[in-house]
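So, here's a batch of structures to check.
In the two complexes that follow, chain A is the common piece, with chain B as its partner first and chain C second.
Now for the complex of A and B:
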């Protein structure tokens, strides 16, 4: 069953055979470049190129990717508006003092600051989407184990991962049944139905945990989950492409540093 | 309320990560102690983490028309305490970033502080204050979850205000603006999540009270009373 999780897409993407280390290096490197960029040029470059890689190399459905890009829009609009209103400097376009001591304004530098924050969010989210859409969590678990993350944390994460899909199926079934019986037809009904749904999910998850414990006992669980230690090897081609990409991004960042203000920085 | 990837400047991402690490260390210590004492705890913690993830992926019925998701951290802090909740939140927030594109990796430290540390701790304090009082189970759960959500929202606003202080009035003005802008979605969310989780407890008490007896989160007397009145 499709729950709309990016993990389902990541399992079948076009870059699934590329080493997770290479994909993580590209994603994390792009997040870092986006964060240290003093202007919107580099984040915009990262947004466009990573979007291209997601659509053309990973072959992700463009409609899904467009919906993903729209998802953080409400947070972005609210937050960037606040940043523009509170930060100042430069030519004042609009100002308002709602109460003494509090001044809200739109200025030339605050607009640039807002554009910078928005572009960093776009660049960062594109990098996050790149990781989420191309690297299945099972590969990330492998990387985390090879990087010697605490076993307790890994075991907990794997247990959560395994349980999510079981629970999601049950929640889908209960919610469909509730919708068919007009369980969400009014706000009062909706809150009642939602509470019932969550209560049923909690009880189901508890019972799933007890079943799991019995199953683990039957398989001689001794504090460590077995995991196949095979992962895609790092190949020269993808490694060279990733290195070249990050170098180009870094070069662009450095090239736009001296004229940061004239290039739209703050 | 998650801060999105790329929103916080690098120095604040690092600062919140550094601040989150001691809490995560304390959480790991508590988790190891619980697992050493009771090996059955791991699968139950795992499915509870999955439950919180599923809860956070569902859209709450919203009175303002906005899209809001419950956090579930109040529930976790009642069941396991704030220390273990911070570790569970680390896992859930990581999955939310990679499964749902909620939050992000560089801002994970800031989100852990707001959703995994401050919110659950505030909720836990309310829980400890009301647990043995005459306040009934449902009102206690409502207040714990609502307070945890409100504190998460205030902390997130503070994190945003510290990163982007106002030109006039500094952090205080900026905090007021962020609090005001997000109040539209976050205050109704806190109230609705409190009601929903009180209803969750109602169903657990009616259908499977032995879960609550096993977790020992409320006195048996309080559960029996709630069951009789349910």
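Now for the complex of A and C:
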């Protein structure tokens, strides 16, 4: 039943009872701070603190969080290397011109630039993970409704959400059935099996759609979709903590501004 | 006799592919009845059920709800579907919304109830099925039994007169099945008429007031379960099996034992019948007492005080609220289903018991015990536990 979906992790995280607005404010605020910060200090601070919050407050399994971070990190390392090699300025540490017109160099400015990009990425990623791991979609639906998200799209999104888990289950079953009968033993087999899997998934989703219509009809569907009666209330404690956190982040950003200038930040 | 709520007159239905699913079926269901449609796979049970709320329209014949022929315009169907609650076989195909609350609220919201009223009916419905506190949970994280309950709550929230359940216990484990049947019993006590389809004769036999045996789109037999399931030939033709208790009774009768006319429906009936057949029924003054406690009107302290003053009691919890209370107060419960019968069995053996229950179910205990006394001539004392 539990496929290790992030959604399931979010449903059971330690901050699930905190208002989604507070969590969204922290997450979005952190992304914004990371973006406007001219140096790497504030994003790094946000990365560490949000990581701490994810592990200690939301009580997410550290192994899971590490695995989650790994995927974007590898991407980040590549792109930051490129940034460092391609940009220039300041003291040159290393340079190489493999073909005329293409110059690769590592300079003091490019290193700073690379660190800034890297830490911004980390900060933004941590903030996104913070939202994803602490705010289940079921809560976000309500926020979307309250923010006047178009009703039709929202209703569709909710039905899709509900169907994903049912379809994923069916795909899982078909795939196990294929594996048990050695469906993926050779590349040729694998292509065939995968084709059949897609076919089965298509038919299953078609049927699920018809079932959904029937189920809605049987309960007098008239174009309306219920919402959770109320969101988790915004409580004083979490609100104060979130405000204080964002203030500290902004303060750090302001305090490091002159320093950043003297270090030649961009 | 109470009023007829649902009636079918020579109903026929053919699937677009050309298969005759229903070949001329007529029957009626009275208000407050518990009816089981029993038949093998492909007998047309689900097809027939889907006609009751207008999901399928018969090719010929008439269906009447509350003595009015069904009409198939949008407004009439809406009203019909409000009054005929349909619970699908697979809860995953019925649950639409991303959270339990939203799903149970689906019907009421579409019926145009106001926010406060929706909140109220959802809370009541979830409480009735024992899922209070599950509001924010997404359905894919629930167990099969819990999903079934959500599906039932979603229908209950529209306050239907007639509940139609397609294979209510398929894909549930035995405890989940017993829970679901108990829940249906509770709903029946609360005044709902209930129709289920099943191929589980052991389930239908003790539960139903009336059983309708279906085979290849036709009614094979329609009677009280003792009769409907009592004819081995009919049962074989319907690809079913004779309920074990009924078979035992028939075998005992074949051996020439003096058995009463009334066939046993439960293990309790069977034991009593055997006791009497072997002349061990002459028991005087040794029966245990059945204590009944209404958990809604008895506080935790009064209950624990009462319990601490007694030893060696068998304890049964009947109904979802009682089970919740027992769990909350960490009362070790011996019976969670078939509670009254199990306590009667203990009482016959001279042991006393306590039944935790709530609301109208208290009366049900008294009714069942006095019915038992009348049927079998063995009065068993029932005492109510009272306390603030």
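As a convention for this text, the second predicted complex is superposed on the first by the 242 of 266 C-alpha atoms of A that agree within 3 Å, B and C clash if a C-alpha of one lies under 4 Å from a C-alpha of the other, contacts with A are read in each partner's own complex, and residues count from 1 in each chain.
To be clear about the criterion, a residue touches a chain if its C-beta (ideal position, glycine included) is under 8 Å from a C-beta of that chain, and two chains touch if they have at least 3 such contacts.
Since this is a predicted model, take the numbers as computed values, not measurements.
Asks: Per the contact definition in the header, classify A:52: touching chain B only (first), chain C only (second), both, or neither.
Replies: neither
Asks: Just to be sure I read the superposition right, which of the two partners does A:138 touch: chain B = first, chain C = second, or both, or neither?
Replies: Touch partner of A:138: chain C, not chain B.
Asks: Tell me which partner A:11 touches in the superposition: chain B (first), chain C (second), both or neither.
Replies: second
Asks: Name the contact category of A:206: first (chain B only), second (chain C only), both, or neither.
Replies: After superposition on chain A, A:206 lies in contact with chain B alone.
Asks: Counting residues of chain A in contact, which comes out ahead: chain B or chain C?
Replies: Looking at chain B versus chain C, the one contacting more residues of chain A is B.
Asks: Looking at the overlay, does A:103 come into contact with chain B only (first), chain C only (second), both, or neither?
Replies: After superposing on A, A:103 lies in contact with chain B but is clear of chain C.
Asks: If we overlay the two complexes on their shared chain A, which of chain B and chain C does A:251 touch? Say first, second, both or neither.
Replies: neither
Asks: Name the contact category of A:218: first (chain B only), second (chain C only), both, or neither.
Replies: The second partner, chain C, only.
Asks: Is A:162 touching the first partner chain B, the second partner chain C, both, or neither of them?
Replies: After superposing on A, A:162 lies in contact with both chain B and chain C.
Asks: Both chain B and chain C contact which residues of chain A?
Replies: Overlap of chain B and chain C footprints on chain A: residues 7, 137, 158-159, 161-162, 166, 208, 212, 216, 223.
Asks: Which part of chain C faces chain A closely enough to touch in the complex?
Replies: 53, 55, 78, 81-82, 86, 88, 92-99, 101-103, 105-112, 115, 118-119, 122, 135-141, 154-155, 158
Asks: Contact residues on chain A for chain C in the complex?
Replies: So the residues of chain A touching chain C come out as 1-2, 7-8, 11, 136-138, 141, 158-159, 161-162, 165-166, 208, 211-212, 214-229.
Asks: Where on chain B does chain A make contact in their complex?
Replies: 2-7, 9-10, 13, 28, 31-32, 35, 39-40, 42-51, 53-55, 57-58, 60-61, 63, 66-67, 70, 87-88, 90-92, 94-95, 97-101, 104-106, 160, 164-169, 173-174, 176-178, 181-182, 192, 195-204, 207-208, 211
Asks: Inside the complex, what are the residues of chain A that reach chain B?
Replies: Those in contact with chain B are residues 3, 5-7, 28, 31-32, 34-36, 43, 68, 71-72, 74-76, 78-79, 81-83, 85-89, 101-105, 110, 113, 117, 120-125, 127-129, 131-132, 137, 140, 150, 152-153, 155-164, 166-168, 171, 184, 187, 190-192, 194-203, 205-206, 208-210, 212-213, 216, 223.
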